[in-house]
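Order of writing sets the labels: A, B, C and D. Residues in every chain begin at 1.
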Amino acid sequence: MRNTFGNILSITTFGESHGAAIGGVIDGFPAGVKIDFDEIQRQVARRRPGQSAITTARNESDTVEVLSGVFEGVTLGTPIGFIIRNTNHHSSDYSDIAKCYRPSHADYTYQSKYGIRDYRGGGRSSARETAARVVAGAFAMQALQQLGIQLTAYTSQVSNIAVEGSYESLDLSAVDNNIARCPDEPKAQEMIAAITEAKSKGDTLGGVVTCVIKGVPVGLGEPVFSRLNAQLAAAMMSINAAKGVEFGLGFDFVNYRGSDVVDRFVNEGGKVTTATNYSGGIQGGISNGEDIYFNVAFKPVATLLQDVDTVDMDGNPTVLHAKGRHDPCVVPRAVPIVEAMAALVILDNYLLNRTSKL
Amino acid sequence: MRNTFGNILSITTFGESHGAAIGGVIDGFPAGVKIDFDEIQRQVARRRPGQSAITTARNESDTVEVLSGVFEGVTLGTPIGFIIRNTNHHSSDYSDIAKCYRPSHADYTYQSKYGIRDYRGGGRSSARETAARVVAGAFAMQALQQLGIQLTAYTSQVSNIAVEGSYESLDLSAVDNNIARCPDEPKAQEMIAAITEAKSKGDTLGGVVTCVIKGVPVGLGEPVFSRLNAQLAAAMMSINAAKGVEFGLGFDFVNYRGSDVVDRFVNEGGKVTTATNYSGGIQGGISNGEDIYFNVAFKPVATLLQDVDTVDMDGNPTVLHAKGRHDPCVVPRAVPIVEAMAALVILDNYLLNRTSKL
Amino acid sequence: MRNTFGNILSITTFGESHGAAIGGVIDGFPAGVKIDFDEIQRQVARRRPGQSAITTARNESDTVEVLSGVFEGVTLGTPIGFIIRNTNHHSSDYSDIAKCYRPSHADYTYQSKYGIRDYRGGGRSSARETAARVVAGAFAMQALQQLGIQLTAYTSQVSNIAVEGSYESLDLSAVDNNIARCPDEPKAQEMIAAITEAKSKGDTLGGVVTCVIKGVPVGLGEPVFSRLNAQLAAAMMSINAAKGVEFGLGFDFVNYRGSDVVDRFVNEGGKVTTATNYSGGIQGGISNGEDIYFNVAFKPVATLLQDVDTVDMDGNPTVLHAKGRHDPCVVPRAVPIVEAMAALVILDNYLLNRTSKL
Amino acid sequence: MRNTFGNILSITTFGESHGAAIGGVIDGFPAGVKIDFDEIQRQVARRRPGQSAITTARNESDTVEVLSGVFEGVTLGTPIGFIIRNTNHHSSDYSDIAKCYRPSHADYTYQSKYGIRDYRGGGRSSARETAARVVAGAFAMQALQQLGIQLTAYTSQVSNIAVEGSYESLDLSAVDNNIARCPDEPKAQEMIAAITEAKSKGDTLGGVVTCVIKGVPVGLGEPVFSRLNAQLAAAMMSINAAKGVEFGLGFDFVNYRGSDVVDRFVNEGGKVTTATNYSGGIQGGISNGEDIYFNVAFKPVATLLQDVDTVDMDGNPTVLHAKGRHDPCVVPRAVPIVEAMAALVILDNYLLNRTSKL
């Protein structure tokens, strides 16, 4: 079940980049949730290739077809199967890589592990697979909304251009106001310029996505191995090109003393809360009711539109000049994927937490 | 199965800090592995409290009793049950926290989630639970050794004192030469001094553990959700006080262009390898045969031996002055825990990979 | 993951009887298996409604569309997604049961559990779901064939008409020679007559399917909870209308003394085998290399084409006269389903067994 | 996780028959349940060897030591670890079987699968492992009691001596009034006589255990693969010597027409119920609120205290005359094991069902 993620609520995905279709099955989704299909399509469009000048030119409509699990607009509690047809194939772009390994890609590892690979567009290793996650996440998001949980991700850094200050100083409703998906408009423009410049040279940039979840009830997360942060970390590190994840202050915790960064409890009008939230809303692996926030680092995309030294399948040195259509920076398109995976984890743990007491 | 970790090879742990015992069950451990019990005890001693001047004064012998799964010194393929008795109880130290919440601890979240908690020493949320992981990891390590896989973790940073350069410049056999578990001896002495100073003020420090795994065959890791890095991330983020994890260049990837950091393939005497290893040995979620390396950030311990404002169980403000015996910095003791969790993930995926092809 | 079955090799199914499509995802299928798609379609046709005079008149072509996981006719080791469109809807047949509960059906239990149900044709509770299992089983069967494992099921009893003697006296290649799927031709004709007679009265019959698996290597099955028989039992009891399962002599064991039915070991030309095989090829939950055989009991279909007393959704008494198209006896169509589920269990455990030793 | 059973609530067991101890970990047990430890010990005593004249003479006190998960008599929601020491070793009894395979035992299959086995008393394959299940079941039973669910198993058949009529004609509170655990006292005496006679000849008998569960709410069970009956079937078939399981009328369904055995709904004082209960309380894999009842067939114990032909580990024919202490009929001791496994399934599904709707 290596293509399945989740405990009670799970998503199973399938599909190669240039096969007939990608898709998935959402299992354990609670019955009785009214589904807005336009909203699901809207979320998928946020991840869609070809959506802006700074994304790949592959142009997929990414039309979601829901095949089961919803009856008269309401979830049945049965598995929700769905597919997205692959239409804009340019398989011929990939004839070069049929016989050689793209550096820092999964070509070599898939070939070694399975003895075979679908080389067209990376096959299963393509980030195209994540469209299925966005569908599942969009379902989860609609349930979370009913529960009063708000979940937003945004681009907080591209290359060395970083939003200053914490998420609290930003207007999170402004994420989609620009194609960088950065709610700090001046920084967004700098990011777009940097991505455009890198693209013009056939080069790529990395960056950071920050995710903020508000309204999470106390008690989500299942120690010890299924700590909420452990589940979120697995979710995030299962996204293509993700290379790091940190919660609350994260790696920056190291620069402080304990006395600087413990989150003292206070009583705010009868409600126990914390004066600060360096922990990022999770203590002992369980949500404490404060905002959950975390960062995910994405490496620069490995596909360069320039000559790169590599080897072919026989191990002979060769030079690869990738054709095809590729993102110069995945970060803006990673935003809805991070949201989707986070939404699945939160809803799953919301359900799971109902079993904590008799 | 929230206290179980792993796919084929799994570890289930149980036990509260001040209960009768902690322990675990290792399931799916392959038959036929000769076990050196002294080595297991030695690994547990590396995590043991009271081992040095910079760790907690709680003095547990942490004697491991293996109850099953090994016959005449060889594993049977059946579950390996084991226990470690808790002997050095000072439960009275905890009378104060029976009725109030320690800031940045799990007291509040456990109480909210379960409606009850064993407040003595943090109960289940105590890092004492990780001793069971070290036992399991020590079993896994013995199997890995037979497979030619070497796994080493070390303290790479405490507070602002960081080892310079990569793991390749260090003598990884020197990790246990000092109580900081840092193979850079001058830095180790600085770290020890910093921890000692913080301890004298009842304060605490955070840090970073780096883990290096050599000799991993190509092919470990199961896309898409069970990518090797996703599994390792979950493993690491399930360790107490861990707040971030990054693979290869990790967050630093953001500071480079793609053309700077793709790992070009080269043919080295007939073997496909990469000229650089910025990826950290994993591509597309599957090991590529290069060294796997990653960093784990640990926050400063939350228990301060000084006055801290908090609230009691009724929500009333109160001042807590923690008694008990606590680490001023968990990083040196986290080293064997990181190793243990990594060893379990690698052996598990080694077994799993046998099922990739017919 | 309640719609997922299996350990390493798993099948996840989705779909309502009268929704857009049913389908599934096969995960963990080993790479490198050449797939005969015609054979898959042939297996699905064996379960297809409308295939003969003694099955339901619903006429579905049940065309399988494989969407992923196979490249140039060979499995990739990635998930195999597939769908079967529902085409022959007669949803209007179900207007009566929208508001009342068919006795001994899942209408009432689904409605109670989920607060909603797709009443058309039973929705998710319809045996139509099992078509997805047959697809998955047909993939597994092709791998088993390469491994020299033969798996055959047949109708051994319908109503009181039972094949005499054990499977060893039958020609198992003759199963599809008649529409009863009984290799004992005279008995098959009696069964067909009985089903035809019951059908003419709007009544239904139950029966027994026997499954025989030859060539299974010693060692499959994972004690203690994943005994091979426990996994097979779960697989069989997850089939619609199955009410009992027994291995080897099964319930008949009770009629013998131990000394009559222990399977004595003998050395047959250098190979350890057993003189008898009352156990049915499994000892201690692990295959012993002898033929595995077991029986599955199916109740008479609950949908009667005659007046039946029941209650409506408000609890008021009412009389239901089912319309729609229904099988008078599911047993002949259950044969390929039993085979499919057994094939999945055997292949899964074959893969799993590779991890038993280092 | 092959030694783990369950979804939300799980039991992991470990231990060899003649190792240091057996034990287990109950995970996902809900917090806040007051535990009566005497009652747990009482249940274990019901399975204990040496309890009566018709069980094995092995005399184990089977004292349960609970190590975690319970604080001041109340469950914490954390894993409950426990052990039972093995004290009454007669390992020397097993010197003969160290080098030969007992017919119809797991000696040969374990040796083949793992390349090693603990031959003493069957090692892991011994029914001694089930004592850990009884402990876990006794915890579950205490939670079920709070929920108003009553669960009783009894011996309904030994050899050809069968209780007549259904469970409804019996006084289920009388199960422990005799050592056969049959609430039909005259039949119980016949059974005891039959077992005593078989024992005197070094022979063994099989039988049937019937289990009845009252007060189960509507809605338990998770289609399609985790049907309540599929889970119960797996649970039952994971018990040593179990060879068949049937629900409601089970195999006897085959002897009826659909019109005879559909369970018509009726309104009984405002409550939807069924006029009959041939289905055994489960429809479409989900409990319908009626009594759940099922039968489990146990084969005659394979260990005969008489000469038996077999082969040794080199494949040479030999004659085995088992020493050791063995049950002439496991059925009376299987009663609490069946109850334990059923209790775990029901409580697990009770918790799981809380996640069905948003």
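To be clear about the criterion, a contact is a pair of C-beta atoms (placed from the backbone, for glycine too) under 8 Å apart; a residue touches a chain by one contact, two chains touch by 3 or more.
Only a predicted model underlies this, so the values are computations on that prediction, with no experimental measurement involved.
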item	value
Chain whose mean Cα position lies farthest from chain D	A
Comparison of B-C and B-D by number of C-beta pairs in contact, larger one	B-D
Chain A-chain B separation of Cα centroids, rounded to whole Å	26
Whole-Å gap between the CA centroids of chain B and chain C	45
Rounded Å distance between chain B and chain D, as computed from the means of their C-alpha atoms	38
Multi-partner residues of chain D (each touching 2 or more other chains)	2-4, 13, 28, 31-32, 77-78, 113-115, 124, 223, 352, 356-357
Chain D residues within the chain B interface of the complex	1-4, 6, 10, 12-16, 19-25, 27-28, 31-32, 65-69, 71, 74-81, 83, 113-118, 123-124
In the complex with chain A, residue positions of chain D that touch it	8, 28, 30-33, 77-78, 143, 146-147, 223, 351-352, 354-358
Residues on chain C engaged by chain D in the complex (per definition of touch)	2-5, 13, 101, 103-106, 108-110, 112-115, 124-125, 129, 157-160, 198, 203-208, 218-219, 221-227, 229-238, 240, 242-251, 253-259, 261-267, 270-272, 274, 278-280, 283-289, 295, 297-304, 306, 308-311, 315-317, 352-353, 356-357
